[in-house]
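Dropping the structures in below, format is structure tokens.
First subunit A sits with subunit B, and in the next complex the same chain sits with subunit C.
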Partner chain A sequence: MAQRKRLSQHNNTQTASQLKRRSSSSLTQDEDEEATFTQPSTSQVQRGLEKLSQAQVDQKTAEVVQYFLMKDQKKVPVRRAELVKYMVKDYRTIYPEIIKRAARTFEQVFGLKLVEIDPKQHMYILVNNLETPARAGPVECPTNPKTGLLFVVLSVIFMKGGIVKENLIWHTLKKLRVDPGQKHEEFGDVKKVVTDEFVRQKYLEYLRIPHTEPVEYEIRWGPRADLEVSKAKILEFIGQLHEQDPRSWTQQYREAHGTQTPGQASRSSSQR
Partner chain B sequence: MTQLGDSHRRFLQTMMGVRIIDELEAKKLYQHCCETYKMHWTADGLDPFIETINLKLQPMFMQVKKGMSEENGHQYYALVNTTETDITRMSSDYADNELELFRKTMDLIVGSERGTASSTDILNSTDTMTSKRMKKSETEHLLTRLVQDKWLCEKRGEYTLSTRCIIEMEPYIRTMYPDQVKMCHICHNVAFQCQICENPTCGIKIHNPCVARYFKGRMEPQCPACNDFWPHEIPEFRGLPSQSKK
Partner chain C sequence: MRKSRSGGNEETPRQNGSSGRRRAEVDGEDADSSLAGLLDEDDENDQGLRREIRSKYRDLISSVQQNREDLLSPSNNKLTEVLEEANKLFKDVRQAREAALDAQLLVVATDLGKEKASQLFSDGNAFDPTAFAEHLLSFMGLNRLEDDRQNEATSDGYLPKDAWHRLAKSTECCFRTAPTFHYMMGSFHAEPPPPKQRVERQRRVPNKEAQRIMPTQLKKMEESHQEATEKEVERILGYLKSYHQDDPSTPISYYEFVVDPNSFSRTVENIFHFSFLIRDGLARMYLDDDKLPCIAPVEEGEVEPAGASTRKQCIISMSPKMWKEIVDNFEIKETMIPPPETQNE
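And now, the complex of A and B:
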């Protein structure tokens, strides 16, 4: 009875503010949680489901869905450790079932796909599952001005073969009058946006080049960019910029049109 | 029961991005979504379409709710959370002291006669905060964010609750301010920007746009409850193009 009471206290009002404070400050706590959490077996999940009512499972699924949507608005990935933290006791055993139901809800209700971008760290993001419409709609979600900045960075990296030294990015941006050394009117601390914000959102990876003194870094596409951004669209944009046919960059064209998964060509982060 | 198709999903994704749209935009968006994903649509199909979405959203404690703007009287659709009976739905975007200031602003607006709070009064209310104090610049920055995020509206230094805020927080407001909150005599919803009958034994309230609609064309406006002369200036009725047919 006492256990039930504690569970019912974990309603959204508490959860939302708890999670908000948690996700910003207690990364090490999350890592501990992650270490002690072992993925339950199918039979364990079955037994776990028997202990809880349908309503309780539905409620927990709804909380997970809401949490993901909230995080996704900021394009921040969700780690399994975060979710495990607010699934206590009995719910922990049925964790895989909750994730499965949440994934189904995302697909069926929201047209979004739950993707695990890091199987080691168990990190999830939401990606658009719908075909992008040919024409823009009457109501468009306001685009974040940083999307343009991101697009330029991704384009440079793609055209240069997939990985570049960070200096090339700063050099290119400077030419476009976006100086990483100065506070930009629109983007603020440009260096922070590129090497921290976009990296946290999994659009980019900022990697230290070993054996460099002073330390040098290189930048490449992150897993969210791989899933959300169409290389074909980037090449099209570059083509327009230089007034050349995209096919004139044979290697990039092959990469953009050869190796993508079906439907990726029609998906683009700016369409959401 | 109709199943959800991609047209419903696209509509919902747009709603998640903008949170609130007016009726005309909603109709156009419905049409666009249906055409994009090859689904049949009709002139009166918007509300059943939204009904279908709402049935699937209900287990997630979300709804697309309809409400009237106190500014122009038009109908709007807003995507709201239905779990919270508190303002903690905002807690993922605002710090605790920011939420406290928002609550204080709401106190001022609910308690005011005209449904507004001046920036001066809001700034002064930071003196009585129990959570971390906010500087003037921080308060101003917070108010800008609240307007950007569509919780408040600002006109000439006066702040009012946005349509989105009223639609989403109506249950919270009714619970928190049961005695203070005004109810519109015509449409029976909570009312902030409204006119009040001056008869001390009557005192009914009517939204500004509801006044415009109710008293349209009447030479001698009378209070619908006590028949006393309605002394206030009757605002001009601003109907939508589709409404002129009625």
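And now, the complex of A and C:
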């Protein structure tokens, strides 16, 4: 607690008022947290590190790593705000150091990459740093059928230029016996899975088309998809499926194998 | 953006929806000079024209929104026609309201224009989601039905249960998802159920065997019982008749008849068997002068019809002590009913 007093007055008062507003939704609390948490400068970090022992910092890093791994089970990104509030707490002055060490642990121990997908809201996700092996690994992991559903949605969007109307997705899924209007035996409420779950996991973005009456939405790849999904591999799979050379879809091929990062490519080609 | 349009947009903030009798600054940049004549027109006509223009704009906007798909189709130039129509209408626009409608129409039209442009994205080999879906279905192992009736978009058949799993497995390589951890120990649920089943099974087996034994035993016993009872009853009847025949005048004492001085259990059995005779009306019991029960067989002709008015019941109880007393008092030396030859007990 002694440390807290040495922190800026700013942070101190905010924390106290936040405790009073415990009943409000976690989202607004996180936003308040965001507003108050300013990334400490390097000198602040240095000073903070001097006050703590190596063991303490390691312990805190380990806790943060565990928090990430737990959260990653649901594939929902972790916000900096919730990290600071629940995990880092008193150690906020050395927050950057903790993140740095956690990222190193992920890379060296787990073969994962800690990526900040949203620099504004400071959201992190974990991505596999290793290339998926060509053949199945020795350990049998149970497959999640939702991956198949996600694959279909992502590939349709990709092949159609990076952004499609939601109706096209529903139309395609209906052909696959997945009707958003009916409860599917594997996926349940399909519409919710696509427009809510996948969006929260940052695989997709569900955006409203302006000036449409009645309201229509379009779907595009989300930031996690940009990082995790390989367009080249999707194209290859589709080529095999249609028994066509992937190169026959020239534009998509260019995009998949282009020098641009996938995120840039999809954004530029849709020409909004 | 057309020149005349920009002129109109600059104008709109200044006009406050008042009548169209404004300066020629309105049409300053407009090439069409015939508009000057409109300024001198009647207020009423003007109002009517304003309404007409607005309604036409609204019609155009709604038609664009309704026929969105139609306008998007690359086979026609309907969108261009709409824009030309709007151009014509704009020439008569004077007030802010109409210009606002015109602006709205432009927004809707440009949205459509953008969509049409994005349709040009696919060059040559277009990607057809429907065909994609068909291929996926085959990949997932759809068992098509035998007859290809219509070969339409809907392909009948059964999708196997693991269809989506199969797809997920094959497309795993496209994802660089961080593997999530799970406890290797598994859940606690695994432990309790197996022992329960085992216990149940063990219990069930002896039951079955026991059941199998039971019926056969029962059958034997039942048969033996029934037969034995019937045989006994008949035998006793035979003895009763023969005793009666020997000496019809002398009444047979009930106790002398049934009591076996050598065995209490035999006595009870005799009483039991004799009661059947009474029940069936084959023997009768009466009290003699000394108030002692006497029995006699019922003659053929005397058999009363069943369910007759004389329906009397009595309960005879006997304890070993009583039995002893009777044996002593009546001086019963030997049993009148010899025990049966086959011993089933």
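The criterion applied here is as follows: the second predicted complex is superposed on the first by the 229 of 272 C-alpha atoms of A that agree within 3 Å, B and C clash if a C-alpha of one lies under 4 Å from a C-alpha of the other, contacts with A are read in each partner's own complex, and residues count from 1 in each chain.
We adopt the following convention: contacts are C-beta pairs under 8 Å (C-beta built on N, C-alpha and C of every residue); 3 or more make two chains touch, one makes a residue touch a chain.
The shown structure was predicted, so the numbers you read here are calculated from the model rather than taken from an experiment.
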Subunit B versus subunit C as contact partner of A:Asp58, first or second or both or neither: first
Contact breadth on subunit A, by residue count: subunit C or subunit B: C
Partner chain in contact with A:Glu186 - subunit B first, subunit C second, else both or neither: second
Partner chain in contact with A:Leu69 - subunit B first, subunit C second, else both or neither: both
Contacts of A:Thr195 with subunit B and subunit C, given as first, second, both or neither: neither
Touched partner set for A:Val109, first subunit B, second subunit C, both or neither: first
First, second, both or neither for A:Asn144, with subunit B first and subunit C second: second
Partner chain(s) touched by A:Thr93 [first = subunit B, second = subunit C, both, neither]: neither
Contact residues common to both interfaces of subunit A (with subunit B and with subunit C): 69, 73, 110, 112, 128, 130-131, 134, 141
Residues of subunit A touching subunit B in the complex: 11-13, 16-17, 19-20, 58, 61-62, 65-66, 69-70, 73, 105, 108-112, 128-131, 133-134, 137-142, 272
Footprint of subunit A on subunit C - complex, ascending: 65, 107-108, 111, 114, 117-118, 121-125, 127, 129-137, 139, 153, 159, 164-182
Of subunit B, residues touching subunit A in the complex: 4, 6, 9-10, 12-14, 16-18, 21, 25, 28-29, 32-33, 36-37, 56-57, 59-62, 81, 83-86, 88-89, 91-92, 96
Residues of subunit A that touch subunit C when the two form their complex: 69, 72-73, 75, 110, 112, 125-128, 130-132, 134, 141, 143-149, 151-152, 155-156, 159-161, 168, 171-172, 175-177, 186, 209-213, 227-230, 233-234, 237-238, 241-242, 244, 248-252, 269-271
